[in-house]
Every structure is written in structure tokens, then in C-alpha cells.
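Chains here go by letter, A, B, C and D, matching the order in which they are written, and residues are numbered from 1 within each.
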Amino acid sequence: MEYSSEVRRRLERPSCRGVLASAVGSASATAEDRSLNVWVRVQVEVDGETLVAARYDAYGCPHFLAGADWIVERLAGQPAAALTEVATGDAVAALDVPTEKIGKLLVIEDALAACAAKLSVSA
Amino acid sequence: MTARSVYLDHAATTPIDAVVAAAMAECMQLSGAFANPSSTHAFGREAAARVSAARAQVAERIGAEPESIVFTSGATESDNLALRGAMAARRARGAHLVTSVTEHKAVLDTAKLLAERGASVTWLSCDSDGRIDPAVLDDVLTDETVLVSVMHVNNETGVVQDIAALGERCRARNVLFHTDAAQSVGKIPLAVNRIPVDIVSLTAHKLHGPKGIGALYVRPGVSLAPLQFGGEQERGLRPGTLPTHQVVGMGEAFARADPASDSEHLRVLRERLWEGLAKIDGVRRNGSATHSSPHVLNVAFPGVSGETLRLAIEEIAVSAGSACNAETLESSHVLTAMGLSDALAESSIRFSVGRDTTLDDIDYAVQRTTEAVTHLSGFASSAPSWCTS
Amino acid sequence: MTARSVYLDHAATTPIDAVVAAAMAECMQLSGAFANPSSTHAFGREAAARVSAARAQVAERIGAEPESIVFTSGATESDNLALRGAMAARRARGAHLVTSVTEHKAVLDTAKLLAERGASVTWLSCDSDGRIDPAVLDDVLTDETVLVSVMHVNNETGVVQDIAALGERCRARNVLFHTDAAQSVGKIPLAVNRIPVDIVSLTAHKLHGPKGIGALYVRPGVSLAPLQFGGEQERGLRPGTLPTHQVVGMGEAFARADPASDSEHLRVLRERLWEGLAKIDGVRRNGSATHSSPHVLNVAFPGVSGETLRLAIEEIAVSAGSACNAETLESSHVLTAMGLSDALAESSIRFSVGRDTTLDDIDYAVQRTTEAVTHLSGFASSAPSWCTS
Amino acid sequence: MEYSSEVRRRLERPSCRGVLASAVGSASATAEDRSLNVWVRVQVEVDGETLVAARYDAYGCPHFLAGADWIVERLAGQPAAALTEVATGDAVAALDVPTEKIGKLLVIEDALAACAAKLSVSA
């Protein structure tokens, strides 16, 4: 397996893993695919229509962890609608994710979509 | 490669001992024993003499007679020849084969092929320690059983099977007993003159000898059908020009192995490694710690993906699951057979030490692994229990 | 060995080129590319890079794509895999195999085994020059013919078959064409991108590379059934840990072979040898002199037993008949197929030159052979004609 | 194939190969086995009851030629009856002839026996 320097960098120095301190105006959701050996929990904080912060917790292979880091990093500052418009293709390109692993990244999409659903329910 | 790199993958393959490499070099050039050992001229006789000395060295290491050693291209070929050769030669007796679910792929896949071609195959399972209870053979062997094949040392876990007890049960029922000893020679005792094993697969490259050369021990009186045709070499059991330098390398590697002192050295290294890693929260050792070959340590790091951990400690060369072939990334059949969940099997790493490993290497590996696991655990602080058990 | 010894048995095997040996040595030790090329760590990737460079070198020498090269343990295994793999994979088409009586034992014996197992085998014969007329295929190929296997260069006589014409006739009938090119690579042109050959057996040790490593070229789109099981190496066609040093040695040997200049050198040596020996009363050259590989000269010395002559010139290493295996001393099937009497076949000797042979070696061989034949003729001054014709 | 120094020596310096000059009081006979690729012609000269000289001509492998040389060398000075009492076993031992080649030496016995027969006819 080959790993791009971007994957290595995000594994060593992830930009937004962990848990948000404040629980106000936040939503979190998990998604997993046990057959792919991946699990992720995404937590976002909204202020009105804007995502002000986002964090994740994840279990899986390097591409999955780096993918979560790359995708979640881009959420802050975006409108909440961004949660359902994730550019997984861009992550694949930026991180050089091999074809057979793209399915794992879709699990991150699922978690974000679940977050979005929770936000719209609570909205 | 980064500044410091440590090789802890000796169960996959080992570097060639310098003395072995020198003996091989002697058999390469015009002034040396380079010739075809089947040629009758002086050059050929010189090569033949080297081959016969090497045959004696290999035989002696396992307590066998030189005539019982057939050179092959490695343990994979030896396994194929053992299973298919025995089943074909004893077709009159029946078509029942007994083997275990924790075998190397060379045995597993050959057994599956034989099953496709009409053999009936009984698959023995192991306990959570990776061990097979020899008493199960009492219920399994029949008058149609041709062969039982159970490996000596497992390549993923280092777990040792009780081949003496298995062999005795086979002998009592007039069933042939084969063992794949690719991982055991030079690490734990193996003496075919002491225990009732009929056919043994051997390879040179796990013991600081060359890759691409192995052997099959065939007890005198046991006949096998050949797998390949086209020459009388190796008593018609294995054709092809004998590769003098490779054979000599195997002989020298087997002669240089000193099971007593080597295995003590390996055990010290392995236990120091385990002592260090055991301090990491939640780690577990896979496979029996008592019935184990001293060169292998298989450890699960719950909550951390094995693939991710291997990248994080990439300057330490280790394997995930079966390292014999990394082109397929499936979770280890050996660890799941021992009852590990898929996640735990995937989070496991095989460390294997060798003659060239130092205490410093071990301490460095412990330090780097500990740091990496600590760091990576931070990714999955709230992961559900299936990720960690 | 006596003071001076000359090696003229390069068709049996060759010494390893010093540059090749150095490349092999690089892949042996901890500091080199010794690892298992299937391992994913840095050590493994370094070995894999060497293997892939070697694969490209082997492919390039025969005008093939690297992906079409499958490494094996030698031409014997390649021949077994080609014949049995093709017959098994195309069973739906039929079970007809065509081969020739002058093939190497690896093909002959495999064809006989296939015949025992139900294949119908057509044996092509050759003319007194050792050549097969490609036109015979017109009468022989049927819709059930799976494979035609005819060697490129004969190992006993050096006679070259017209594989382009044979291959074209196969292609026209949608029949696979295999050729054993163990003796031809580096001596005469072989370009799979120019002629319709589908499967080619190769070996390293006839070309100053190591023994125990060979390859099978398999044209993309042609599928073969594997002979051995137990790993995904070589696209599942040939399992077992790839022997990095051996593969690298084969690649380097194939890359260093320079067919144009090498064959000119060999031809000069071989013709000087023949010019010298031709002066001996009654000698005859066996096999076509025009369609011949430049490294082999097969000569009959009527009235002198070949075994006796070989002892008399024992400081010159040569072979009688097929040298691939001297454990059986039967008269050559190749020479008798060309119409030689048993006595004449027995009185024949194969001289084969190599890159390391010098003009001095040749002159010495001529001198010693001439003296020996003259001396030995004195034993049988009144022998009957069956001894001399 | 291994060859003893005795075989090598007799091949290099045979002691009694060739043809006897005088034709008086002599007999010769041949024997062969084409399947074994051997042929031999033995010639003896008798004076009364005594073999005064013996020669051979032979075609075959080193053990066969050396065997002829060894056996024929011993004839001179012996009574003619020695022709039918050849010690092939001694030749096998003296020359270290491998088992699979002993059959060839029996062809030499045949030639001597044929000689003996000719002598008794002419006597």
C-alpha cells in the first residue's frame, strides 16, 4: 500500500480530531461499516445557518482517518447545507486514495448526512 | 527509508548469513563449483560433491539420512508435492485428507484443490491458544485416510503443534503424517529419527539461507508421485537442473543454525519485546505463550487499526497477519480461527526476530510502538466496543 | 582435475557472469534488497522494485511486456506449466497435443504423462538434419488441437526450428504455440512481438545467470491453469516467495546478453573447433550446420565409443548426448531420431562454447581430441561396420 | 561414471592390443553384443599345449577395453585350457568394474571360448 504525504501528515498532525467542548448548538452523529472495519463520529457546532466548528473521532485505516480529517476540516465557516454536499471526490484526489478504498470515505458522507438530519430536526 | 530502520519480519524472510553467501559465491564462477551436478565430467563431479555435502547438512539438522532429502524450490512446492504426491501415490487406500484451518496457504489451497478434484477433506480447528488437540484424530482417522498434514510452527503466531502426538496417532492407524516445518527448523527441536513424522516441508530462507530453495524430507519406504516431469534428478521426484549455489546455501544455513543458542537468543529478544509492549493499555498476546517458537510475537492493539499502526511505525518492518503475501489484504484466517473478531485480527501485528536483531532494535521498536499507539488512540477515544474487542 | 582444464559444456550450464553475481550479492544481506518482495514495508518495497526491474529486463530481451513474464524455478518447471496449464485451461476445446520427438525431457515426459491421462498426442519427427517441416502441421492440426510445442534450439545438436512458420500455422487454426527457448535466448534472435508464439519457456543458467530460476512468457489473453497452489504471487500462476537474488540474477543475465556480438563470438569459436576436428578421419557433424545455434557442435567419431573418448579427453568437459541428466546413460533420442545408428549416436560428443571460451581453449580441445581419437582408433583396427556407421 | 586408475592406465598404455605377426599355430575369434555396444576379436598363438602369445582388438567403453587388456594379458604362458577358465571375477575386482557393466565382460569370455573351440577343432 502506498500512502501520500498528505495522508501521512494528517495522521501525524490531525487538524480537527477530538470532541468540541461546548455542547450548545451542536449535533453529532456516527456511521460505520463493520465489514470495512471503519467507524466515525462527527460533531458540528452551528451558529444560525453557519457551521462554526467541527470535530471527528474515527477508527480505521490511514486513508479513512486522513479522509475524515480533510473533510471535517473544510466544514467550519460553511453553511450547514455543506454537510450534505461533501466533496468526497476532492478528498480522494487530495489524499490520493486508492480506488478500492473509496467506499470507506462514503461512510464519512453518511455521518455528515446524519448530522445534517439532526440539525434540521432540531431546527 | 528513514534514518533508523529495524527489521522485525524474520518470519517473512531473513537476510542471508555472510558465511552462507560466501559459500554460494564459491559455486558461481568458472573457477568454482558452478557446473551442472548431473554432468559426469570433473566440473560436474565437483558440483555433485558440494550438493551431496549440502544434502548431508540438511539431513543432519533434522536427524535424517541424506537419501531422504529431495530438493525443491521452497516450502510452497514441498507442500504441494507432499499433499498431492501422497494422495496420488496411495489412491488405492482412499481419498481422505486431514489438515487444519491454521495451515499456510500452500497447504490450505492445495487441500482445497484436492477437495475440488474429489478428495474428502477434514478440517481440524484449533482452540483459542491456536493449538490442535491431537486426540481429535481418534475420531477423524478412518481406513481411507491417506494423509494428515499439520504444521509444526504457525507462521503468523509462532504457535507450536504437538507433532509427536499427532504423528503417533497417524502411525497407529497406518496413516501418513506430513508437517510443514518452514518456520521451525533452527528454532525448536525437530528430529525425524525421534518422532513418527513421514514427510516434512523445509525451506532455507527463514533461516538465513537463500530464497527459492527448499526440500522435502520423505521417510525411506514412503513413496510419493512426482508433481513435475522431465529428468531423473532427485530420484525422479523432482526434475530440473539442481541449482548448486542454492543447494549449498541451504546446506550451509542449516549447518550453521544452532538451535540451542539461537533459540535462547531469540527468546530473550522476543520476551523483552513483549515485556515492553505489554505496558501499553489493552494489548493482548495472540496464541499460546508456552507452546511457541521463540522468534514470533503476535500482538493485538485493540482500538487501533493494524494498517494504521504499521504506517505510523513504518521504520519498523513488521507484518500484519500472514506476511507471505501482501497482495491480498484480508483478515488473518489464523487469528479468526482462534476466536478473534475481525477487528481484533486486523489490529494485530506480527513481530519476528532473527539472528541479526539486537536488544537496541527491540528497545527502539517498543518505544516507537508505544508512542504510536498512544498517538493513534487519540483518534478513536469514543469508538464502540466492536472496534476494541 | 588435471593441470589444464577446459569447459566446453555451456549447453549443460554456464558459470555466472561476475556482474550478475555482484547484483545477486546485493540482494542477500540485511543492508541490501534481501526482503520478501511481497512484504509491504520499505524493505519489501525495495525488493519488489528490484524484481520489477528484472522482470522488465527479461521481457525486453524477448520483445515482451513485463506483465507477460511469470517467474518459475527453471525451464523444466516452465515446460511442465506450459503443457499442463494450457491443456487444463482449454479442456473445452479438446485434448489434442502436438509435439516433437526431439524435445527436451521436460516436454517429452510431460507429454507422455498427459497421454497417460487421456490426451491424444501427435509426435512430429524430424529429417536427418534434425529439422521439422512446418508444413506437416497442415495435416496434423484439428479443431480439437489445444497446443503445439516445438523447441526453438535443440539442446543436443543446436539445431534451430522454424518457430515463426510453425507459429503461423498454429495461429491460423487458433491453436496455442509453445516453444522451449532454454537454449536460444542470447544466441539467436527471439522476439515474441514479431512472431506468433504464445508461450515461451526460459531459463537463466544457460546464459551466465543462476540455476534454479526461469520464466514462462505467456502472451496477454492466453490463460493457463496453475501447477502449484498457495499464494497470489505471479498473478496466482506460480506461488512461493519470489527469490529476489535469483530473479535479479536472471534479469541482469538477460540484460547483459548481447545476441549480436555474443553469437558472432560463439560462432567463430564453434567453427574453429569444427575446422580442427573435421581433419580427423571419418568424423561427421550431427545436425544442420546452417540452421544451428552458434554455441553447439555435435560430432560423431565413428569407431570410437563416446564414453571412452570422453574419458580419454577428460580435462575437456563435454557431454555425450543429452547432458541435462547423466544419471541415465541411454543413447540419445535426438540423434537416433535423425537416423543415426545406436553406435554412431553413442560415439557422438556435444561440445558447447560460451562467453568465457577462448581460442586457446578451442585449439587445445582440437589437439587433445585428435590425439585421443588417433590413439583410441588403435584399439579397434578391425572392427565391423556396425561400430563405425 | 568413476574409472579406476587401472582402467585409465590400460586405456592409455594397453599391454597387448593389436594383431600377432605370425599366423602359424594361431587362432582368432570375435564376439559382440550390439545392444551393449561392444565388439572384441581375440587372437592366440599356441605352441603345443601352451599359449605363447595373445592379442585383442576391441570396441566399447573403457571398462570393456581395459577388461580385454587385463584378461588377454594373462593368457601368455598358460595352458590352452585357460581360454575356457577365464577369471572374469578377478578382472572385475582388479579394474573396479561397476555391476551394471559386468555383462559386457562376459562377451570377452565368449570370444575366448570361441578361440578354444577353434583350437580343439584344428588339434
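Everything below uses one rule, namely that contacts are C-beta pairs under 8 Å (C-beta built on N, C-alpha and C of every residue); 3 or more make two chains touch, one makes a residue touch a chain.
Predicted, not measured: the structure shown is a model, and the values here were computed from it.
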Whole-angstrom distance, CA centroid of chain B to CA centroid of chain C, is 34
How many Å are there between the centre of chain A and the centre of chain C, using C-alpha atoms for each centre?
-> 61
Once you find the CA centre of chain A and the CA centre of chain D, what distance in Å lies between them?
-> 99
Centre-of-Cα separation between chain B and chain A, whole angstrom | 42
Multi-chain contact residues (two or more partners), chain A = 1
Which residues belonging to chain C are in contact with no fewer than two other chains?
-> 40
Are the chains arranged, by touching, as a line, ring, star, complete graph, or other?
-> line
Provide the full list of chain pairs in touch.
-> A-B, B-C, C-D
What residues of chain B sit close enough to touch chain A in their complex?
-> 303, 305, 307-308, 311-312, 329, 342-343, 346, 375-376, 378-384, 386-387
Residues on chain D engaged by chain C in the complex (per definition of touch) | 1, 3, 8, 11-12, 14, 17-19, 30, 32, 34, 37, 39, 41, 57-62, 65
Give every residue of chain B touching chain C within the complex, in rising order.
-> 1, 5, 7, 9, 12-16, 18, 21, 24-25, 28-30, 32, 34-36, 38-44, 46, 73-77, 79-80, 104-110, 112-113, 205, 210-213, 227-233, 239-246, 310, 314-315, 317-319, 323-328, 356
